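Two complexes follow with subunit A in common, the first pairing it with subunit B and the second with subunit C.
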Partner chain A sequence: MRLAWGLRVAAVAAAGLSLAILPFLVGDYRAFELGRMGIFFIAILGLNLLTGYTGQVSIGHGAFMAVGGYTSAILATRCGVPDYLTIPLGGLTAGLAGLLFGIPALRLRGLYLALATFGVAVAMPSIAKHDRLEGLTKGTTGINLPELHSGTWLYGVTWAIAAALFLLAFAIVNSRLGRAFRALRDSEVAASSMGVNPAAYKVAAFGISSFYAGVAGSLYALSNAYVNPDVYFVSLSLFLLIGAVIGGLGSLTGVMAGAAFVQFVPPNASSILDAVSPFAVDSRAPGVPSVILGAALVLVVLLAPTGAGGLLRRISAPLMGRLYTRSEGG
Partner chain B sequence: MPSAAPTWATEVALAAFSWQELAQQVVSGLASGGIYASLALALVLIYRATRVINFAQGELATLTTFVAWSLTNHGLNKWVAFPLTLLIAFAGGVALERVVIRPVERAPVLTVVMLTIGLLIGLNGLTAWIWGGETRSFPSLFSTGTVDVGGVAVSYADIGVIGVTLGAVGLISLFFRFTKLGLGMRAVAANPETSPLVGIRVGWMLALGWGLAAALGALSGILVAPTVFLEPNMMQAILLYAFAAAILGGLESPLGAVVGGLLLGVILNLAGRYVPEVGGESRLAVALAVILIVLTIRPSGLFGRTVGRRV
Partner chain C sequence: MTRTRVSILAFGLVAAVAAAAAGASPAADPGLTASSILIGGTAPLSGEASSAAAVARGAEAYFKYVNARGGVNGRRITYKYVDDGYDPGRTVQAVRQLVQQDRVFALFNTLGTANNLAIRDFLNSEKVPQLFVASGYTAWGSDARRYPWTIGYIPSYLSEGTVYGRHLVKTKPGAKIGVLYQNDDYGKDLLNGLRKGLGSKAGQIVKAVAYDPTSTNVDSQVAELKGTGANTFVVFAFGKFAIQAFIQANRLGWRPQIYVNAVSASSNLLTLATQTSSKKTTTGAISIVFAKDPADPSWAGDPGIKLFEQIMKRYVPGGNLKDGYYSAGMASAFTLVDTLKKAGKNLTRQSVLKASANLNEANNPFLLPGIVVKTGPSDRFPVEQMQLERWSGTRWTRFGGLVTAKS
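Then we have the complex of A and B:
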């Protein structure tokens, strides 16, 4: 047991150290990309808490990212708040929006919730462009933030927040709250007969998950140094869902794979297509990234429904098991 | 996104109220409602048979509308090209069910939903890949011009769209009512466990349902393309309207989908004209509000039965 713990601590320390010096080795643009990946990591983590652990599908998390992003942009430009301080506020506003949306959504299970959240994702850009909100959101033009940060800055801030939120998610999943979430996912009837109040826990899950999305949305706004309605379009919501499924619903470790997929696959779609296609095709045409993403989602659902997290568990379970038995024997 | 309503109506600021204009707004609302109704009916057909919402229904419709565009662009008469497109859509729907949906027939509903979302993204990309992202004009089935009905100028296109959708809906209900195949499909929807006992091939009935739904979707695409112009994201908003229509009428009920579609078309048109807050894209928010209100107050919709949940 002690050996396994020692190995774990050493591995985490080594990983942390190499992550800390990574941006200085790979250059600013790569650091920016890795920071972007951290943003997806946070959002997918939140979505996974909702969909993977509580069993509520949201196709509209991009809209909650938008709430966070707009909150940051408005606070930073109008109230002169330093932009990094707006990140938690963006998260809180989005969390509040999620709580509010969670109340009518309580009546919706499974499919209906998917429909309603899809509606939120599709309608969000038009709400942000609406004349009544134009004073706040600046309509289609959007808002420019005061400062464009370096990739290294983004990398550091994003991954520090991501690490904290990962620990928080880990604590939630392994707490009374997380057990209640999983019980609701597996059987709402059984859970409520054990004294879990479905309404309260589902709204809580929606709020927490939207908080994550809001933090990610704020960081997204900071990384671009602007927000406009088209930044948070429907495809962003779909990207997050793809990331959650590919990472594996109900697996926290898989989220990294999901985030990496969402960040790095679409821009490299044409070279991926060239590599896998047996025929010569026009791989630079528009639409190719979507085809790759859609095909990946279909294949994962059909062939590996547990996603990367599930595969990882299947590979690592025998290894870790052996490690533990050996250390206990010796 | 340009809407199906004539733009002059929205550009005239709140002018004096007139009954003629109200009637015109209702008729053009019914016309766009007919388009929502056919896509909503497609969703309902699949929902009744398999308890799944097909999120890819809109993208399927866009893809087949592009097929219709290509056929007419290669010199085929539109009266040949459009029926041919419906056949192609039908075959595509059947093939999709057999190849992609069949393996997850017994999986939880949400797995299948994820799959249809994968199809949504993939088909959207495929359309952009094959035809490119630019916007194209699409030939209308109907001639331009208006006809005077009791002092109200009604365009041929509006009459045509309403007529075609009602005709299609009528044909489909006749098919379900009076053919053996239709009876089999209803049996599968009502009771998939026991229908094989009387010799119904459940799998093929489901595939047939997907085919019919794809053909209906193609119809809605062909009808809407002349007004909103053809581009890969054409059906994204229409899909939301169709969701709202299907939920308004009750996801269980084909009649509800049609009535819901027409009603939604009228609601959106009247709101766009007479409520100053609503116009252009904010119709999407109205559709979202319709979805949320119906789901909160009466989740089974106008025509759905309320089903008790058993433990």
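Then we have the complex of A and C:
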């Protein structure tokens, strides 16, 4: 028993160590890419808490990322706050924005809620460009952050935060709060008859989820050292939802796959086509990469409708079951 | 929480050590061998602006043509351009990949105003030349002191707007001007230029209405401008929005004198606008031009356009021979080749940068005859000359001589 425990600690330590030295093995640019993946991991994690666990679809999380990103950029350039210290503040500001949006959103359900959140994503660039706010946001010219960080820095900071936020999400999902979220998702009537206050919990889910988006948006601003309304473009919100669906709604283990898809598939669409297509298609012709991205998405949804998390469960369940019966027999 | 902080500190420490080690050995500049030069770029192969990717493909075709003739000083040019979907966040990642992973010698022809603003700090801190940016934002030239590694190419939007303003002052003293402009740096740059060109007559702008590039149409803006009783309609709008402006003016029965900015004034676009609105609306519209438009029949037999068609047929099979984006890409590629020649056999990033700020190129076959691509230590605007042109209903006709307006 004690030996097994020791092994487990050693395994965790070895995994931690190899993750820590990874950026030095793969080079600074790959570390940057993995850091960006960590940013999407955080955003999708938060979206999953809202959409996957509480059943409230949001196609507007790019806008909450923007709130976090602008908070960081403004604090770092105007107030001289070291940029890494602005990350939690970006999260809190976005969380507050999410709470405020969550209150009127209570009246909306399903498709209507999805449309309202999409409205936020569409409106965000125009709000950031508005004449009244231009002094603060610098309109379309955008804000250059004072510090450029290396890929290794981004990797370390992002994944340290991602690990902490993953543990937090895990704790939330397995707490009273998480049970209330799932109860609301499965049946609001049943949940409220059990004493769950739908309004309070839904607003809480919006706030928590937007906090995650804000942290991600803030890290995204730091990774680019630049914000402008186009950085948090409308489709970013769609990409996050796509990532959540690919990872598997209501599954924390699949989030990694969703983040990997959002990070790696769009920029590599042409190379993917070259690798798999039997036809001589000009994969770099304008527009072709968009079609490949669409096709990849359709394939994933057809082949693994429950996402990576569901796939993992389907594969691991019989294995685990067999392990269990064997140990019982022996 | 403490564990997070400790790991951040640990990562930071290791990163600092690694950075110090990496900076220790200065060698020849990256991306160069005795027989090759690796140049990087970004272009929107996907997304809303993907039609403009032809700029990068045109440049690539020209480099292939040059390579087939022995390259530049014995070096063949490889032009690696990456899709950024017109998203500045992806441009940052693509440029990091090109600089750190692919180790390109320089960046060339990166497309989009915000996209270039997003990478300018990084490239200048890494001292990688950001050459001939594919955007007319005025700051590429005017910020040269702060960003010495960045240089633009096409006439600035500010100078283009100024040319329209001056033309109005000269030809239409009683003009009541309504302006439709895109709500970003590009639209505002043009509008500021127009005001500058009008000078003391700037009060003749009765209304300037903005539209957002994410909106679906500009119908209400055009109606609002018509309502002011304006007799001159200045369209500083991009692509489909410019076409919509013509359509809506036609629908409302509004027949003002129209000015339309150069990025939305290709023959293809105006032909489409004529078909979807009416000949009456588009005829007489005024714009500027600085490159030879392959769709303009008056260039038939011109050696530059012949060369363009020859290169297209050979290196971009199936590409549209009337698409001005391709020839625009070739024009800047021609200037890059010229710059590399000037920088000499012992290329360094520094020598190429210096050559780019010392151009005096009078023979660019893809630009209008007489245009000299000229830069100097205090002049970082390569193409500054342009010519006014008027739409006849079926084609553009250039008029007046070459004009300039200093930014």
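Here is the rule we use: the second predicted complex is superposed on the first by the 299 of 330 C-alpha atoms of A that agree within 3 Å, B and C clash if a C-alpha of one lies under 4 Å from a C-alpha of the other, contacts with A are read in each partner's own complex, and residues count from 1 in each chain.
The working rule: contacts are C-beta pairs under 8 Å (C-beta built on N, C-alpha and C of every residue); 3 or more make two chains touch, one makes a residue touch a chain.
Keep in mind that what you see is a predicted model, and the values were worked out from it rather than measured.
For the composite obtained by superposing both complexes on subunit A, the positions of subunit B and subunit C are in clash. Looking at the shared chain after the overlay, A:302 reaches subunit B, while subunit C stays out of its contact range. By the touch criterion defined above, A:228 reaches subunit C but does not reach subunit B.
Look at A:267: by the touch rule set out above, it reaches subunit C but stays clear of subunit B. In the superposition on chain A, contact of A:141 is made with subunit C only, not with subunit B. By the document's definition of touching, of the two partners only subunit C reaches A:30; subunit B does not. Shared-chain residue A:288: touches subunit B and subunit C both.
Legend: residue contacts after superposition of the two complexes on their common chain; A:311 is shown touching neither subunit B nor subunit C. Once the two complexes are overlaid on the shared chain, A:156 sits against subunit C while remaining clear of subunit B. Looking at the shared chain after the overlay, A:120 reaches subunit B, while subunit C stays out of its contact range.
122, 125-126, 129, 234, 285-290, 293 are the residues of subunit A that lie in the contact sets of both subunit B and subunit C, per the superposition on chain A.
Those residues of subunit A that touch subunit C in the shared complex are 20, 24, 27-30, 32-33, 36, 84, 122, 125-126, 129, 139-142, 144, 148, 150-153, 155-157, 160-161, 163-164, 220, 223-226, 228, 230-231, 233-234, 236, 266-267, 269-270, 284-290, 293. Across the complex, subunit B is touched by residues 55, 57, 59, 104, 107-108, 110-112, 114-116, 118-120, 122-123, 125-127, 129-132, 189, 234-235, 238, 241-242, 245, 282, 285-298, 301-302, 305 of subunit A. In the complex of the two chains, the subunit B residues touching subunit A come out as 51-53, 55, 100, 103-104, 107, 109-111, 113-115, 117-130, 132-133, 232, 236-237, 239-240, 243-244, 247, 277, 280-285, 287-288, 291-292, 295-296, 299, 311.
Of all the residues in subunit C, the ones that touch subunit A in their complex are 1, 4, 7-8, 10-12, 14-15, 18-19, 44-47, 50-51, 53-54, 57, 82-83, 85-90, 92-94, 96-97, 100-101, 113-114, 117-118, 120-122, 125, 183-185, 212, 214.
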